[in-house]
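Below is one structure; the comments refer to it alone.
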Amino acid sequence: MADASEAERNMVAAAALSMATTELEYRVSLLNSMVSTCHERCAARPYKEGQLSVGENSCLDRCCAKYWQVVAIVGQLLGSQKQ
Amino acid sequence: LEQMQVRDSLKMYNKLVERCFQECVEDMRSKALTGKEEQCVSKCCEKFMHVTARVGMRFQEFFSQMEQQAAAAAAAAGTGK
Amino acid sequence: MADASEAERNMVAAAALSMATTELEYRVSLLNSMVSTCHERCAARPYKEGQLSVGENSCLDRCCAKYWQVVAIVGQLLGSQKQ
Amino acid sequence: LEQMQVRDSLKMYNKLVERCFQECVEDMRSKALTGKEEQCVSKCCEKFMHVTARVGMRFQEFFSQMEQQAAAAAAAAGTGK
Amino acid sequence: LEQMQVRDSLKMYNKLVERCFQECVEDMRSKALTGKEEQCVSKCCEKFMHVTARVGMRFQEFFSQMEQQAAAAAAAAGTGK
Amino acid sequence: MADASEAERNMVAAAALSMATTELEYRVSLLNSMVSTCHERCAARPYKEGQLSVGENSCLDRCCAKYWQVVAIVGQLLGSQKQ
């Protein structure tokens, strides 16, 4: 009996770890897309400075804000389609 | 395998967001999406889901056809003995 | 003896599962490329409709047909080079 | 997870190299980078790191805000009982 | 590791198909590749394999050189003791 | 005692294998980017020949040489930032 419940707990822990890993992978890949897309849009070319200017910084903030909105719209549409 | 499916759908989600952002968001002068951008994102996403369904259908047809041919060839080889 | 054959069977099963996973991954990635490439080619811009028009649908069918032909040509060339 | 982090940073390294190569290296007439190309690669890389830091900050803000809202909603539901 | 190699070659296969499709297939007015498209796909694929061989050669040279230098440096450090 | 040291050796071996795999993945992905980028830059279009011309070959050699230099610069900057 003790054995069975331990095995069960182990399985639950493994499933939780695997879900957490998937969630983490998702966030990492989302962050990477945001960085890449917003760098593309906001970094002034040709590269003269390594630092970000004030304009570039506020462009990045707006880019992130818009990105979250796109995430929300797409998530809603994908979710509604599944049902 | 179920785990793999979840991962693939999250990957597709991320890619769809990236694609529709790049095709629809025009400038960074405002913090909020304009009405036009928002509409474009919705249509982009909807269209992409329909494309996925259509291509997926053709994809499955192709593979099931290939498997039938392989089975037919195997049967023919058996008869030829 | 029984043990050895069971271990063997387990190894064969594991190898088969791993091959099936690789095959599945290959198909998923092939499907993703087809969807992405054919969306690129056939979806009319700017996006006015969420639905596919008749023209878009037949464009997608032709795109898939051509894609399979490219898959076949490339597969043949890669195969012939290996030998 | 640590393993995953190492892999992710190596992946990012590779992508950064590819991006800055493509944006900065102009032609293949010499074996060595020109001074201009070299400078561009440095600035490209530096800028990318700053972009990563800024976007990462906004990213964490967003998720911690979401978690706070979820906690607040849970608390409100508890009170409502 | 063998498994990894199979996966990598399948990945490369997929990417090669995508690349040559995008560079060679010009329009979607027919269901079959035109002669010109077909030829382009073959040349694209062949050329890519030669590029892979050439770049792979330079790649290996570079890493074996690096390892030699590391070994030489280690030997020099040993002598210096 | 013997058991503990064997477990330890196993863990060290597993860690070494995992590091070697990561290193290998890194090299494979670096090679793939080089191939892809240098093909992009050096392969003459439209594709008339499957073979590489003399010009294409030396373009590839220079492309690889420049690629390594970019790898070095980026590596140095990423390394210096960490400390």
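Order of writing sets the chain letters: A, B, C, D, E and F. Residues in each chain are counted from 1.
Keep in mind that, in the parts below, a contact is a pair of C-beta atoms (placed from the backbone, for glycine too) under 8 Å apart; a residue touches a chain by one contact, two chains touch by 3 or more.
Heads up on the chains, UniProt names are A, C, F = Mitochondrial import inner membrane translocase subunit.
All of these numbers come straight from a predicted model, not from anything done at the bench.
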Check your understanding: By label order, what chains touch subunit B and subunit C together?
Key -> none
Study note, to complete from the structure: Via touching chains, subunit A connects to subunit E in a minimum step count of 3
Review point. Which chain maximises the distance between its CA centroid and that of subunit E?
Key: A
Revision key, fill the gap. Note: among E-F, C-E or A-B, over half of the B-C contact pairs reappear in E-F
Exercise for review: Please compute the C-alpha centroid of subunit C, do the same for subunit F, then give the distance between them in whole Å.
Suggested key: 26
Practice item. Could you put a whole-Å number on the gap between the CA centroids of subunit A and subunit D? Key: 11
Check your understanding: Out of subunit F, which residues touch more than one other chain, so two or more?
Key -> 25, 30, 42, 61, 63, 65
Review point. Can you list the subunit E residues in contact with two or more other chains?
Key: 15, 24, 42, 45-46
Practice item. With chains as vertices and touches as edges, which is it: line, ring, star, complete or other? Key: ring
Practice item. Please trace the ring of touching chains beginning with subunit D, moving first to subunit F, and write out the chain order. Key: D, F, E, C, B, A
Revision key, fill the gap. Interface with subunit A, subunit B side, in the complex: residues 3, 6-7, 10-11, 13-18, 20-22, 24-25, 28-33, 37-38, 41-42, 45-46, 49
Revision key, fill the gap. Residue positions on subunit D within touch of subunit A in the complex are 1, 4, 8, 12, 15, 19, 23-24, 40, 42-48, 50-52, 54-56, 58-59, 62-63
Check your understanding: In their shared complex, at which residues does subunit A touch subunit D?
Key -> 21, 24-25, 27-28, 30-32, 34-36, 38-39, 42-43, 45-52, 57, 60-61, 63-64, 68
Review point. How about subunit F: which of its residues touch subunit D in the complex?
Key: 18, 22, 25-26, 29-30, 33, 37, 41-42, 59, 61-63, 65-67, 69-71, 73-75, 77-78, 81
